[in-house]
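Which chain is which? They are A, B, C, D, E and F, in the order written, and residues in each are numbered from 1.
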Amino acid sequence: MTLLLIVLIPLLGALLVPVAAARGRMGAAWMAGALTATALGLLLSLAPQVFAGEILVSSWAWMADIGLYFSFRLDGLGLLFALLILGIGLLVILYATYYLSPKDSMPKFFAYMMLFMGAMLGVVLSENLILLLIFWELTSLTSFLLVSFWRHRSDARQGARMALAVTGGGGLCLLAGILLLGEIVGSYELSVVLASAELIQNHDLYAPALVLILLGAFTKSAQFPFHFWLPHAMAAPTPVSAYLHSATMVKAGVFLLARMHPALSGGDLWFYLVTAAGLVTLVFAAYVALFRHDIKGLLAYSTISHLGLITLLFGFGTPLAAVAGVFHIINHAIFKASLFMAAGIIDHEAGTRDMRRLSGLFKYMPYTAVLAMVAAAAMAGVPLLNGFLSKEMFFVETLALQRLDEWAWLIPALATLAGVFAVAYSLRFIHDVFFNGEPKNLPKVPHEPPRWMKIPVEVLVTLCLLVGVFPAFTVGPLLATAAGGVLQAPLPEYSLAIWHGFNEAIVMSLVALVGGVLFYLLRHRLFALHARLSPGEFGAKQVFDGLIRGLLNTSRCITHLLENGSLQRYMALLVGAAITVGIYAAAQHGAVNFSMSGTSIPINGVAIAILVGLILAGLGTVILHRHRLPALVMLGVVGLCVSLLFVYFSAPDLALTQLSVEVVTIILLLLALHFMPQEAKADSGSGRRWRDALLAGGAGIGVAGLTWAVLTSPFETLSGFYLEQSVPGGGGTNVVNVILVDFRGFDTFGEITVLAIAAIGIHALLQNLLIKPNEPGRYGWAPAKPPLLLEVISRPLLPLALMVAVYLMLRGHNEPGGGFIAGLVVGIALVMQYLASGVEWTQARLRVDYFKVIAVGLILSLLTGVASWIWGYPFMTTTFTYLYWPVVGKFEVASAMVFDLGVFLTVVGITMVILAELGKLSGPLAPRPVQNKGESR
Amino acid sequence: MSIVKRLLPHPIFSLVLLMVWLLLNNTLSAGHILLGSIIALVLPWATAGFWADRLHLHKPGLALRFLLLVLWDITVANIQVAKLILSPRSKLRPAFVHYPLDMDNDFAITVLAATISLTPGTVSIDVSSDHRTLLVHGLDVGDEAALIAEIKSRYEAPIKEIFGC
Amino acid sequence: MLDIIISIFLILGAGFALVGSIGLLRLPDFYTRLHGPTKATTLGLGALLIASMIYFSSRGEVSLHELLVTLFLFMTAPVSAHLLAKAALHLRIRSEVDLPKDEQSKP
Amino acid sequence: MEILISTAIGFLVACGIYLMLRARTMDVVIGLTLLSYAVNLFLFASGRLTSNAAALISPDAVVYADPLPQALVLTAIVIGFGMTAFLVVLAIRAFGDLGNDHVDGEAGK
Amino acid sequence: MMGHWLIVPVLLPMVAAILMLLTARMGRAVERSISLLSMLGLVAVSTVLLNASLSGDYQVYALGNWVAPFGIVLVLDRLSALMVLLTSVLALFSLLYACNGQDREGRHFHVLFHMQLMGLNGAFLTGDLFNLFVFFEILLIASYGLLLHGGGPLRSRAGLHYVILNLAGSALFLIGVGTIYGMLGTLNMADLAVKVAEANPEQLRLIHISALLLMVVFGLKAALLPLYFWLPSAYSSASAPVAALFAIMTKVGVYSIIRIFMLVFGIEAGVLSNLAQPWLLPLGLVTLALGAFGVLSSRCLRKQVAYLVVVSVGTLIAGVGLLTVESMAASLYYLVHSTLITGGLFLLADLIARQRGDVGSELRIGPTVTQPLLLSTMFFIAALAVVGLPPLSGFIGKLLLLQAAVQQPSVVWFWSVILIASFFALIALSRTGSALFLKTDDTATTGVRAGGASLLAVTALLLSSPLLAVYGDAVSGFTTATAEQLMAPMQYIEGVLGPQQSPMVSRMGGEQ
Amino acid sequence: MLANAILIAMALIILALVLNIWRVVIGPDITDRILALDTLYINAIALLVLLGIHMTSAAYFEAALLIAMIGFIGTTALCKYLLRGDIIE
């Protein structure tokens, strides 16, 4: 529980800090400090157990099925890191309180800071690897927030994005690696994983898992070639750099190496990968650090180099190297954090971090200068300071390495070279900033910082000294415990003495010191040489930016190539997809059998004539399609032929429906043609037309083949049930109608809903549409007065058509007809009135809100459905009975007829809404443009 | 009387509708006569707004005779037209004829125009906006005046009588 | 006997319908073509419907509902022809003889 | 007969799709209508085709046309009508909004 | 027995829509009240249904009291219950957001909205293939209206594309249905499953064709390669609450693929079992990859979110394509997450755009938003969730998917594409966040503040992500049970048709 | 006798139908096409009547009636369009 609290307190702090900020700027700082101190106190309360060799684990199930637990672990390694995080965190909070300017939002800063702290604690205290990964990615995210804290600076934004891209991307690799590891081991719990070294390293998945995990570690710890994000993250406020980029976040990578050391290390793959990365980073970054003019840049590259050193040590895979690695983690955290803080002070008080302008600051801020010089000396590996000790251990380990045979000299040599560089850049930092003449053009006169800003630096520098002088006494127990945590095994023999005698390592240190001084003295020629060798800025950022830019350009290219905004393309793809899957499926299941044995439809002249007519009319429509009106007439022919086919093949209801729908469609299209172009030029080239013809032909052949195959296969259907049940169960002899209103009445219910929605949608669509009708043709329009004969004939037609509708409606259940067709007939009859006499005249006589008609129709059908609930039957259960009345005789009453009446009303309403709305677009009731605005289109 | 008038605005038409209903259902059963009557009464009443004025049939007997005449003419006319269609093109003497109207009742004009269209070699094309002339297209017009005269006597006169205008 | 009458009506009706359609194809201009369908085809259909009435009435119940279709066609065919001709005139569709002056085309 | 029916349906599909691949909204509407005709016929044919079969239940009927596809086609026709109506109005709307009848809203591409 | 509850998700929205039509003259307040009340009712009913589905039994509602396969049945299983509830929750908050004013930008918003819900719920509940078509059409026609809600050239153009493509898709649907009916003579899905398994060798070819044609149709709705190109402009031009609701629309396609290809062509379909497998995984992965490129290439937040929808579909389909219980369970978890989050993101994008004046949701320099802290926090959470970064639901979903794939032969592809796409999304969204909230010019803010209802809506949708993560165990337990149910089509068949008996068959006229 | 007469009549009507479709295709003017479509509707009714007699079925009547109605309305709408552009004014 305490463990959980240690992680939760800072995370909750992210919420509490802004709350506390209500009491002023300092409130946030106090809250942050208090919470950190609390967590630190809790941690220390657990420390004795850990020192006693216990591993504390507490666990709660989160998603046990996939091995995800809220489980935390405190062992030596975790304790060390948690101490660093909380201890340095406390110092950074103190420092930041004075560092931040009044313009910066303190609550926001500390909230982010606490969030980061919690995430970082989570990383180092997780027992579950997935949980570790979760916190791992959280550190990347919070670092994004912190680096981009000064959001108006473009370098801050870019640096934050770059850091997030690299570390976040590495996190994804780590996720994959952890999942593979979990797959190998069968658990994500560290206690299990760390005990399964043999299983893991002999598994086929070991190599990919290792590579992926290392990618995660290397990106986070800025190992070459992923190092470049760290210098750019220096755009962050300095407390952030001091905290994240020296002591904590970048250490997460090496923490991971340490954490996984027992499980993954030892093999050749581990050795070569980790060592190579570490070595290259160590030397390369140290060299680059020399040429940074920005203090923070220098420190950043120095950090990278030191991380390389630690990585290199873990790469050796030996217990002693691991101890050295842990020791250097501690030392580096201490001196680098203090150096960053010092750099921050200099920046804060002198207004720049450019070493070409900063000089002779010793005079202005001697106290800070001394602190910085001690820390820099520790960084350089000067004896009696903490850095020296771990560096010595490092040199010893490079020499002790057995693996490289005749190349064994390489690592010590390069390590020494890196030592030379380290001394040189440390010297440059001290000399260039604090001595080397007078400052040049500083924005302000530098002076010592406020008292409280120095305290954190003092504490850390004191630690440098104490550890450097009394290593065994000060850091000994912690190092032992932590190293034990890394190894998960008894510690090897090592000694923390300042002096181990005059050995090779001392020689290396001396070479580094002397060489470093020489190097610094020769720096002017070196700078010139460097400038000649690498003109312009040094590569990695450019490479990264280029990659990102390339990625963006590629994705824009791909996206615009695919989603090019052309419906014709999308349609062609759809057709092509259908043809492709059709061909694919048709090619399965053996050879196609083209026997005519299945044919059974008798050959008949009428049918042939209708079909030929259909083909001719279809062809005519295509040929004429650019002349819309003739094409419409052809379309009428097609529709008629289809209806005739329905009649011929014994489907009168279909024919009736098709006919009535068709005429409404033609009227609709005519209404549209009043606004749309009637003639069109061919606007696709012949290539496009051929492509389309090919696609269309392919689809046509496909459907023809499908039809043929269906028509010639044997057939069993459940329709027998409908034929048997139509009269006894549905009370109607027109099976199609009984299916529509009873067996599958729910389809019809949906179908009229579709129509109703279409009408509603159309009504909505036409709102505020101002559109100019087509210009009249060569001879103008005929006068507005409707043709006399039409007007006269339309009057008796209305009641006649209504009567036909009643007829179709009433008998639909037993004979061809039904509510839908009847509804359309009424619709057509009413449209006739509109055609003959216009909207105004007709609407004056037809004061009906068509939407109400639709609503009533829908309600009727709905109520018929719901009524069956009363008798405990499911929705739309129908009933019918035969009544005997005198004179009238026997007649049937069926609830399905009420449903059909609903259908009828809905259809009437819909037809009228659609046609009347379109009709109203032009003519006397057309919407008028708003006068004062003058915008029409 | 006025109640009857209101309930039964178009008695003739209601009768026609009843007949239509019975024809539609192909029956003379009592139930359908009852149902048909109801519908035939309700529909004209419900659509009353769409009717300009009541239809006056002054001479029903003449109307019936006129109907038979027209049917006969249609039959004869068709045989003539069939001949014209199947004969060589040069035999056609098409022409547009302006036929002066002596009626001003819209319904009567419509009936006349329809009759002209259904009978020998003529189609009525247009009514002038002042309703004074009817434009007729003839398929085989020898003498324009004779054609006008024949229409006048054979069709327009009885129609004028029937509708009393 | 009844069969013969029906057959005559059938052949006559279909013949007239065909003649109307031949006229539609064969006659020289739109205004002359208009005559074919309005008369021959309508009458042809009338004959066919009579045949149908006799046929169905002869095999059981009296069937007169074909009358309705006939009635409807005779009511509407002149109007269709009228509208078509009016439209043609308005569009100044080519004619073998001079078109009458179109009173509507005047502004 | 099957071959001719299949050919006609396939041909209508081809015509419909060719028009749906055109660049002007009206062409697409017409193509869609053709395609709907073809699809309805196909759906109808899926219950096999019978001429002179009884459409209504009667004691002396021997063969019935499969009623189920007919009901389905009816539904499909009606839905197709609603859809076409909407598309037509949308075409007008787009013409009004965009000033041309190109399906991509850009004149003379 | 659930009684009549099963049909309420279909009827309730319709009743609300009719009521709103009838009370159209009584003003917006009445309309909104009806709309919201009905919506709340729907959420309640959906919850009841989900609760009922937990038992694992199949609830069957035989419409018109005609038993399957003759009548149409509604079937409630875990999957349909989940989809209905998900729809209701998403819709509730979309509606709430719309009530802040966007429902006034055109006519009939609420009516169309409820009709769309009716269509969605019907599609999720129906057990009949043709009825599925009908409900597809209902939800589509309503979606056409909604997409065009508010008008304007952009919407008209996107609407044309969307409508025309879907109409072609509907035609294809009918061809597929016709073919399968022509072979098997039935439409009930359970019955189809029985008959597909018993199909003659000569029938296999056509059944196979029909199955794949249906897959194309569903792929079009789901926005699967190569049929997703309509989506970005359609979704990005729709008004925010509509776009948010549309987050469920692609899932209808996914649902249909799952339903049909797990039940009818599932593991027990004989020769035709697992028909979809060779297609779904590669198509899903390529869709995902191309969607990720789209996310990167977007210069506008709304478009970017639209592409994130494509990404989510690709992920889902790839997961479904693995065809294991684990992958299915993971996909369903991911489905819930991605629907709610992309929905929330559409709304959030609108909130942001409204505070950026003329710049709107374009990813270029503009004024600072009026409520920077609030909106940037919301965006940060949404971005985390949608990219799949810890600790939110997107991460859990991806974790489940990756784990499910680990033993599959395709694991390398699957992992690479998913992880690289996540990486791309991470890059893209960090750029977006930077462009929206970090890089601002000095022009004055618009002063528009987000109203309470819209904030509530966005917050609630975004809050779903942490909740899904915290209750990950429960949710993934449910989706695992759902996946197990899906993997046992025989249970469904027996649930609908009763203990297996051969349904009444009679020979029809056209047959020899 | 009657059967033969029906067949002959059908042949004649089919020929008429084909001629009508041909006229729709060749035009030349829009009015020609509309006229041909109108005629096609009437001939279609004729065909249905013949089919009805041929099959001794009254099921064709409704279709015939409806064709008569919609043929007229279709022609009316098309002509009104030619005359006025705006068919519903």
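Note that in this section a residue touches a chain if its C-beta (ideal position, glycine included) is under 8 Å from a C-beta of that chain, and two chains touch if they have at least 3 such contacts.
Quick caveat, the model's predicted, so the values are computed rather than measured.
Listed here as common contacts of subunit A and subunit E: D. When chain centres are set by their Cα atoms, the one at the greatest distance from subunit C is A. Spacing of subunit C relative to subunit E, judged by their CA centroids, is 57 angstrom.
A straight line joining the Cα centres of subunit A and subunit C is 69 Å long.
Centre-to-centre separation of subunit B and subunit D, using mean CA positions: 39 Å. The mean-CA centres of subunit B and subunit F are about 22 angstrom from one another, to the nearest whole unit. Shared interface positions of subunit A, i.e. residues touching 2 or more other chains, are given as 565, 567, 571, 575, 598, 600-601, 632, 648, 650, 652, 671, 673, 703, 706, 710-711, 715, 717-719, 722-723, 743-744, 747, 750-751, 754, 757-758, 761, 765, 769, 782-783, 787, 789-790, 793, 796, 800, 804, 815-816, 918. Residue positions 20, 24-26, 113-114, 129 of subunit B each touch two or more of the other chains. Listed for subunit D are residues 20, 25, 40, 42, 45-50, 52-53, 55-56, 64-66, 68, 72, 75, 79-80, 82-83, 86, 90-91, 93, 97, 103-104, each touching two or more other chains. Here the touching chains pair up as A-B, A-C, A-D, A-E, A-F, B-C, C-F, D-E, D-F.
Remark: subunit F residues 10-11, 14, 17-18, 21, 24-25, 27, 30, 33-34, 36-37, 40-41, 44, 47-48, 51, 59-60, 62-63, 65-67, 69-70, 73-74, 76-78, 80-81, 83-89 touch subunit A in the complex. Remark: subunit F residues 55, 57, 59 touch subunit D in the complex. Subunit A meets subunit B in the complex at residues 783, 785, 787-789, 791-793, 795-796, 798-800, 802-804, 806-807, 833, 844-846, 885, 887-889, 891. By the touch rule above, subunit E contacts subunit A in their complex via residues 4, 7, 11, 14-15, 18, 21-22, 24, 61-66, 69-72, 106-109, 111-112, 115, 118, 122, 130-131, 134-135, 137-138, 141-142, 144-145, 148-149, 151, 160-161, 164-165, 168-169, 172, 175, 178-179, 181-183, 185-186, 191, 201-206, 208-209, 211-213, 215-216, 219-220, 226-227, 229-230, 232-233, 271, 279, 290, 292-294, 296-297, 373, 380, 384, 389-391, 395-396, 399-400, 402-403, 406-407, 415, 419, 422-424, 426-427, 430-431, 434, 437-440, 472-473, 476-477, 480, 503-508, 510-512. The touching residues of subunit B, when paired with subunit C in their complex, are 20, 23-27, 74-75, 77-78, 81-82, 84-86, 89, 92, 94-96, 98, 113-118, 121, 123-126, 128-129, 135, 137, 139.
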